[in-house]
Amino acid sequence: MRLKVAILGATGMVGQKFVQLLADHPWFEITTLMASERRVGKRYGDEVEWIVSSDVPENVRDIEMAPMDPKHCDADIVFSALPSDVAKKVEPEFAKEGFVVASNASAFRMEEDVPLVIPEVNPDHLKLIDVQKRKRGWDGFIVTNPNCTTIMLVITLKPLMDLGLRRVTVATMQALSGAGYPGVPSLAIMDNVIPFIKGEEEKVETEPLKLLGKFDGEKIVPANLKISASCHRVPVIDGHLEAVWVEFDRNVELEEVRKAFESLKPLDLPTSPKKVIIVRNEPDRPQPRLDRDAGNGMSVVVGRLKKVEGSVIRYIVLGHNTVRGAAGASVLNAELMVKEGYIK
Amino acid sequence: MRLKVAILGATGMVGQKFVQLLADHPWFEITTLMASERRVGKRYGDEVEWIVSSDVPENVRDIEMAPMDPKHCDADIVFSALPSDVAKKVEPEFAKEGFVVASNASAFRMEEDVPLVIPEVNPDHLKLIDVQKRKRGWDGFIVTNPNCTTIMLVITLKPLMDLGLRRVTVATMQALSGAGYPGVPSLAIMDNVIPFIKGEEEKVETEPLKLLGKFDGEKIVPANLKISASCHRVPVIDGHLEAVWVEFDRNVELEEVRKAFESLKPLDLPTSPKKVIIVRNEPDRPQPRLDRDAGNGMSVVVGRLKKVEGSVIRYIVLGHNTVRGAAGASVLNAELMVKEGYIK
Amino acid sequence: MRLKVAILGATGMVGQKFVQLLADHPWFEITTLMASERRVGKRYGDEVEWIVSSDVPENVRDIEMAPMDPKHCDADIVFSALPSDVAKKVEPEFAKEGFVVASNASAFRMEEDVPLVIPEVNPDHLKLIDVQKRKRGWDGFIVTNPNCTTIMLVITLKPLMDLGLRRVTVATMQALSGAGYPGVPSLAIMDNVIPFIKGEEEKVETEPLKLLGKFDGEKIVPANLKISASCHRVPVIDGHLEAVWVEFDRNVELEEVRKAFESLKPLDLPTSPKKVIIVRNEPDRPQPRLDRDAGNGMSVVVGRLKKVEGSVIRYIVLGHNTVRGAAGASVLNAELMVKEGYIK
Amino acid sequence: MRLKVAILGATGMVGQKFVQLLADHPWFEITTLMASERRVGKRYGDEVEWIVSSDVPENVRDIEMAPMDPKHCDADIVFSALPSDVAKKVEPEFAKEGFVVASNASAFRMEEDVPLVIPEVNPDHLKLIDVQKRKRGWDGFIVTNPNCTTIMLVITLKPLMDLGLRRVTVATMQALSGAGYPGVPSLAIMDNVIPFIKGEEEKVETEPLKLLGKFDGEKIVPANLKISASCHRVPVIDGHLEAVWVEFDRNVELEEVRKAFESLKPLDLPTSPKKVIIVRNEPDRPQPRLDRDAGNGMSVVVGRLKKVEGSVIRYIVLGHNTVRGAAGASVLNAELMVKEGYIK
């Protein structure tokens, strides 16, 4: 018997990815698709401007869109693909009414009592759930996943923490799908790079500190790390590429870094890839078009490891921004919560 | 009366840019176009696969291609757009015979007695010409300009030297034209980024040390600077974009950096732009398609200045890689040599 | 002394092109820039999301945006870059108040008493102006130019009329700028072709009949011609390419067609190109990126002429859709009206 | 037990597609990969510049490349992805030695005794095999599939033949992969369309006449049909789109055409799609990126049906050019030959 799940913001870019990942999920079954007023009552297959594959999956096509109201939601888990400002208002209404909200929105990520989780990185941060429910007096709760760019980065930083990581410099080359749909106008990005993504650098510079921090029984004590990010939009459909310089508090050898990357263990969950980090040795990989679908879009791919100087290493990391970086991240979080008993 | 100029490798991407910049130059007149064996004797307009504008300039269309042999070269200055391995053999033959070779090739850039020059950065390095002629016993000489990516970067580093610059980290997003023609296959780069350009990072990490070094009467003493580069090819036609982190030996304010950038003076030469560095204040500039033609492709455009921490500043720099970064760089060098009396 | 001109819809894609073409025009001077409510009172340079070049021309940057109201318009000519539904309401208000409206909007193109003009094709249709003023009792009047795709096509059809043209089949590959800004989402068009442009085929199939028709003293008698169009959006910034099959009522030789194309005479007007139709003989031209700027974007370029069978000829035509196909078309119409005495 | 198959030209674009389609085929097993001299003896996984997915399938990675010589070929069927000039020489050598050659090359397509086959269109043309073997005295034989652009077109023309089809006008928008690898330079096609593909229009205008012709016991009597094609390269990775006008010898209704399309039956073969022609009703489909993978790249997708005039219908057709249009076409031919008993 599968758990019933709902999607908030089901017609947008990330909403479509949720539908795609959940349409045929072994544990979950889509029962409710929620969207803004003007779409309520209409057939999902008619309303959505479907762009992630050739056709809307057959078993959701006929679902009638529901309003974003807990009363109309027949589900155990609510996945949220809402824009941050809407999420701020809507998600607590669901949590209050007892729903488990697995959110990709940024609205609550940095709230002290809200878990910001990547299952392979900080599963124990789910313990914040009890703190949250106690403090807020909610029957349900909100669990969030990080920003798409943060996720790829932090998955590679996690195994480096034990080597004495202290400073990170990262330049990103981010895909168009990260901006949603319609998102970036073609006239703005054809034959061009836009060296700016609103709010992105701030997220990449702060979210990792929480993710890599320690739960002290009541809150997360942030990691002691300095991060500087420069974020750029490039004419690529899917797949965020990041050039990363990591500086340690001691001399570090390439082999230590490589081993650390390969030591990150996959979880025994349906959406988990067989390898969390794939290290490639070719001189010109990873590349978005060739590597974004590795592990069904849930692996991150690392390459071009190079020792810059004694304590500084450079590498490239790539991940699928709407799968591992968004919808897949939330789904993996929900699977972890089921496994850990947070969802009955 | 204009000086006669020749172009080595006139049919390639950079060769075409030389033709374009020189077809209507106030000081220079194209008299000789040299290419590989199979093209010799053929009309330039028939042979070249012209892709830099709608048509080959009228006054060079009928020039009959000459072999790459000093005997067939009727010119005062020889511009070289040769690939490095060919340049290695051919350029000295011309210098030996008394020609001034203004080369965009990498073959001789790092030779101890060969000037590597950006006119606004290190014009005094032309003094190496005398050393070169003396050491090699040549009647002519070779003067080189740096790699395209190096040029944009070093133009911005020069004014920062006095602020105590000591470390540079740079991630580049480089245009397709930098790979020449046919260059990058469309199937390799559409909907993609390639995080590797052969030999590029090495050039960007070493050439600036020579450019920012001091001439001690006999050779260049390299600047004391550490540079780490990560180079990426993006689906952009022209214009290299670079995200740069500069670290100083003291706390530096943004205003100092901005003033330093704007203090770099243009030269009084035909190809010199009115502003060497244009600092833009919009949150999302510079962009390749919008800014690469600033100053007819000879300005570099800087934006997104940000203080990362006390001694670290981040900014974005952009320049036209085949103009300021290649053909235009050689032409400006030649103009400087004329003005300084190295060419009669 | 230059005539004062105003632009309706000055911040959109075509509006920006009007500004660009008029900022330095020998006969016209921009005095008024009109836009929607929320922009009124704001500086043009601050409000416009300028994407057609690096910077807004200096002499219009400081113009304060005016409401779309004849009372606030200090101009002899009003250029309209309005969307059709807005144009429908706004343009007559200006014509009624005595303004000459040179419109790129589709709203009035097919009205019986409104001239639809390409200066080199049907300048005598301006005689409809008197009919219009009489019928409507307006002090001013509206003159329109055709749809961007229609213009390139009809410029090539005009000289073929005398050869006995009776059927036209055209498949278009249209640029992104034709959809305005933000227009086509990058996620919709990257690595893609969209075989549909709303309303476009209807325009291309009907407007030419009026353009190639005869003025009978009171109205236009449409040309006797059958046109079928299939319109497609391709990932190209500027420049509409069209594959055209023309069928005549008799056997026609290629040389007749070529001569007919080259016989179309340019006008003696500031925006007129030296050659109206440029016929290229290379096997692979015209191409949007290489040929769209021919004649400063006002020439149309034809190539690949081929005899299909006795009475059928195939060729390719290309033109710059926002210059010859939009803003430049309206400006040329205005210049013609000045020359013909319709504007004092 | 699976049949052993070999691939000629295994490292090119189409060669890679053969490898991909055959690596996991229920009836066939790759045993031999043949390539040009310089690659012989090397590991396929090391030699191929693999660009069709993230990694070379595991079970072919270690195959050592063989020379293109029947003596080194351990296989029942030889798939050929050779360029035409090489195919001309090499394919007969294999046929002579008793191999079944299923070729995607154009070299023998129009030879009188060589079957040019699309299984759903003209399976009975395989009867030419006996004629070929008899005439040439070969133990084996060559069977070919059409040009990629021809295939999509003819699959839609076949069911229209009974409605009295007599004239076809087609404008194509063809993908980059159709030109092989490295193929089209990125600098040639970014922000561009190239209205020319060498030899393509001739193929599209002649191959269908053979495909739609009748086998008279000895040869194919070509269909009585006039075709005119205009072929264009667009910046799309995979998927050829074609705008087609079909003219009948009588008035034809849209519904007849739609029914005809849907009447084309799929074959019971492993690579056969469930639907040969998918008719879509949305106003803006088919699109290359969304529809090229329909039926695993083996369906063709039709849309935008429109009645132009009484006897003329217009529609759009799309197919995956390297699957249905190349490697998949040869594989389907081989499957048909196995089923029909031509291969033991």
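Read from first to last, the chains carry the letters A, B, C and D; within each, the first residue is number 1.
One rule holds in what follows: contacts are C-beta pairs under 8 Å (C-beta built on N, C-alpha and C of every residue); 3 or more make two chains touch, one makes a residue touch a chain.
Nothing here was measured: the structure is a model prediction, and the numbers come from that model.
Note that among the pairs A-B, C-D or B-D, B-D reproduces the A-C interface, with over half of its contact pairs the same by residue number.
Looking at B-D and B-C, the interface holding more C-beta pairs in contact is that of B-D. Separating the CA-averaged centres of subunit B and subunit C is a span of 41 Å. Spacing of subunit B relative to subunit D, judged by their CA centroids, is 47 angstrom. Across the assembly, subunit B contributes 51, 190-191, 235, 237, 290 as residues in contact with two or more other chains. For subunit A in complex with subunit B, the residues that touch the partner chain are 169, 171, 173, 190-196, 198, 226, 228, 230, 232, 234-237, 241, 243, 245, 283-290, 303-304, 308-309, 312, 314, 316. In the complex of the two chains, the subunit B residues touching subunit D come out as 13, 51, 176-177, 181-191, 235, 237.
Chain contact summary for the complex, subunit A toward subunit D: residues 51, 53-54, 190-191, 290-291, 293-294.
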